[in-house]
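Structure incoming, see below.
Read from first to last, the chains carry the letters A, B and C; within each, the first residue is number 1.
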Amino acid sequence: MSEPLLRATHLVKEFPVMGTGGLLRAPVRFRAVDDVSFEIRAGETLALVGESGSGKSTTARLAARLLDVTSGTVELDGEDVTALGRRELRRFRNEVQVVFQDPFSSLNPRHTVERIVTAPLVYQGRPVPGGARAFTRSLMERVGLDPDHSQKYPAQFSGGQAQRIGIARALAVSPRVVVCDEAVSALDVSVQAQVINLLRDLQREEGLTYLFIAHDLAVVRQIATRVAVMTQGQIVEEGERDAVFGAPQHEYTRKLLDAVPRIRPEWERQRRANAGRPAGAASGAQA
Amino acid sequence: MTTETPSEALLQVRDLTVTFATPRGPLDAVRSLDLDLEPGGALGIVGESGSGKSMTSLAIMGLQPRAARRTGSVRLRGQELVGMSEAELRRVRGDRVAMVFQDPLSSLNPYYTVGLQIEEAYRAHRPGVTRREAHKVAIAALERVHIRDAAVRVNHYPHQFSGGMRQRVMIAMALSTEPELLIADEPTTALDVTVQAQILDLLQEIRHETGTGLVLITHDLAVVSEITDHIVVMKDGVCVERGAVEQIFTSPQHPYTQALLDAVPRIDDEIGELRAVAPSATPTNGGPA
Amino acid sequence: MPRFLLTRISSGLVVLLLVCLFTYLVFFALSPDPAVQICGKNCTPELIDQIRANLGLDQPFWTQFFLFVVGIFAGRTYGDGASTVDCAAPCLGYSFQSSQAVWDMIVQRLPVSATVAVGAAVLWLLAGLVGGLLSAVKEGTFLDRFTTGLTLTSMSIPNYVLALVLQYVLVVQLQWLPFPQAVAFADDPVQWFLNFVMPWIVLAVGYAAAYTRLTRANVLDVLRENYVRTAYAKGLPQSLIWRRHALRPALTPVVTIFGMDFAGLLGGALITETVFGINGVGKMAADSIARNDQPVIMGVTLLAGFLVVVGNIVVDVVYTAIDPRVRVNA
């Protein structure tokens, strides 16, 4: 078994509770992440699933070093990155990128796609390989956007397309790990499917490693290699995807899986039987 | 005015159109929509963002934005609601037709106790009812939706409840007047999946016990498949397909419905390539809302 | 609740102490030797030294500052031996100019400034709330646009210009108001009242404009809230929706701002009082600055700081009473 690419060990994150501190009194501290450990091997997708307040997003932010840990360590390729200084952090940022939930609020509305996508390189003073225009075009093609639209602004794109821009920006620095923080949660079902497919294709073709944060178990089923179930700041169950979904061990996992609304399996079978030949036509282009 | 017969439809919508005047000309948020709901039935309106499903729910109640124009016909047990005066509509709203919205926190007024908000809904339609009587109704309504210690909780403020409990409060408020029709607009979208399951169970239970008709508006196909008996699929303000729930889920006729069903990620399914609806790589005009 | 108050009061005291220290520092560093000022023209070096010793000016900075702070709470005694002056509890020192106790000067003028502030506040609250509500109800109409134009104009007119224009128009040209004369309330209540009309208007105009805009924006925001939609969906009468679901949330932020604005004004309206020659704390502040009367400047600054801190605490307390979310979390 190869060494993990990203390893989190005993992560703890505490936040002061608003309004509890005084002039001379320390505020009450709330433990959002409580002793969380996980490993992701290169080319894998680890999904962190949980309900609101489970600490999954905070964990993702700790792993991407967008937040500093209260205690514990994050290692990339065996190197402890928890205490990196400013300069080394820049190197880390080139290895680990984040895609956020709301594509529009995480893209600067006044910048063109080209400026957004090349920004990570420009800020670092690195040359843009092949020039900004060509670089942007190739990135846009990789994420399934029309490269002729590199001079447009985020508001001119739909939600799914905007999320593709977010992914393109993350890919600009050629990271090894992409943290997807509810990256498909805000999207409509049809668009969500496209973006999930894109993420899977990118992984297959380029060997990307994902830390995938989601509350939607069905989505997780479609993309995860391994699944970690979080509640109240802790991972209560972790394992291979099919093991967790097929034979959940922890009571909370079972409760979570039971709660997911489902289309009746007999209807599904019937529909597939009915569709038969015309099923392929369904994926064709309609307005 | 038509006479009421027992077999009369609870809700009959014909040619409902909601039009906004925009600088680029009139824009139909909902166009020529027909809906039918029998007493005690449950109708699901499914669509993605921008499909006009939420506008439909507001337009049934005459609550569309002031800038919008509503035409067509909305009949509640044969009684026409389009063209009614505000005063007449007010007697229908909250009494015969009640609504539950997506985000229970912002849909409840943070300044008042949940009790007061239930009481005012009840008293608005029961003139002469005293505060004390309304208070008892409020407690009973909270008990009805299985909120424990209702007599204490009735005096609490919305922020003192969890998300799921708040939605129970909204449902209690809607049910306090024993409406004939409940319109629920994405009632579980803002909730965690375990809480969603509880709220859906509650809606089912209420339907079976009180015979209240239900219009459920959602983007979630699995949710409608579980609790409605008829479905209308909307896209761009138009109904593209309608039918009994089993029919829609086993033999969808319209390509959009088929594509939508294909795109739903399955929790129990083996993984294949998810079918995407109409992939497009070009920007939309005007951008999303 | 009491603990929350205690926290607020203790942090308020710290703020006041810092204000105190800062003003003391500034004047200590900037002002010319006060002893020379007090001494006047016929002065000898011995006399200056004596004054210094009496006022404690020969002490190091921190000692002086400490004595000043202690004086506020416990009073202090100036000088030693034969010629001592006892300065009672809220001791802010004596004016270099008039040798009056600063505390007495403030107490004497505070009612005048309060009268100016209260009258103006009543005016601007009335105008601001009514204007804002009308503007919101009639959003987009001529009335709304007119009100918006008016508020923008009002906010851009400087106080002193408005004061002079009003005096010219109301007193000189139209003669609607008599020429201001110094009278006591008991002697001639009508003249007394009329004296204040112009200052009230001048002070109120800017605030009224700001409050109109604030009220309008708040009401429009609240009307777009989901809970207002819920109220309509419940079939509530229009009047109840307005009263209960729109106004209270919309006006709560106004309370906060009003508390601070009013507290700030109680400490004297510098420009308006000076222009109209009203003998309030504001005019006293302006005069003392012109004459570099350090103890008076310190006193007025502290008073203003005190009022703002108290105003803040009062606003917080009131807020917990109106907004249940704050009440329970506190």
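The rule is short, and it goes like this: a residue touches a chain if its C-beta (ideal position, glycine included) is under 8 Å from a C-beta of that chain, and two chains touch if they have at least 3 such contacts.
Predicted model, so just to flag it, every value in this text is computed and none were measured.
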Centroid-based (C-alpha) most distant chain relative to subunit A: C
Contact-richer chain pair (by C-beta pairs counted) among B-C and A-B: A-B
Geometric centre distance via CA averages, subunit C-subunit B, whole Å: 52
Centre-to-centre distance between subunit B and subunit A (centres being mean Cα positions), rounded to whole Å: 32
Of all residues in subunit C, the ones touching two or more other chains: none
List of subunit B residues in touch with subunit C within their complex: 61, 63, 86, 89-95, 98-99, 101, 103, 106-113, 120-121, 124-125, 157, 159-160, 170, 173
Contacting residues of subunit C [partner subunit B, same complex]: 225-227, 229-238, 240, 244-245, 248-249, 252, 322-325, 328
Subunit B residues touching subunit A - in the complex, by the definition given at the top: 48-49, 163, 192-194, 196-197, 200, 219-223, 225-226, 246, 249-252, 255-256, 258-269, 271, 273-284, 287-288
Contact footprint of subunit B on subunit A as seen in their complex: 51-52, 144-146, 149, 152, 155-159, 161, 188-194, 196-197, 215-219, 221-222, 245, 255-265, 267-268, 270-271, 274-275, 278-279, 281-287
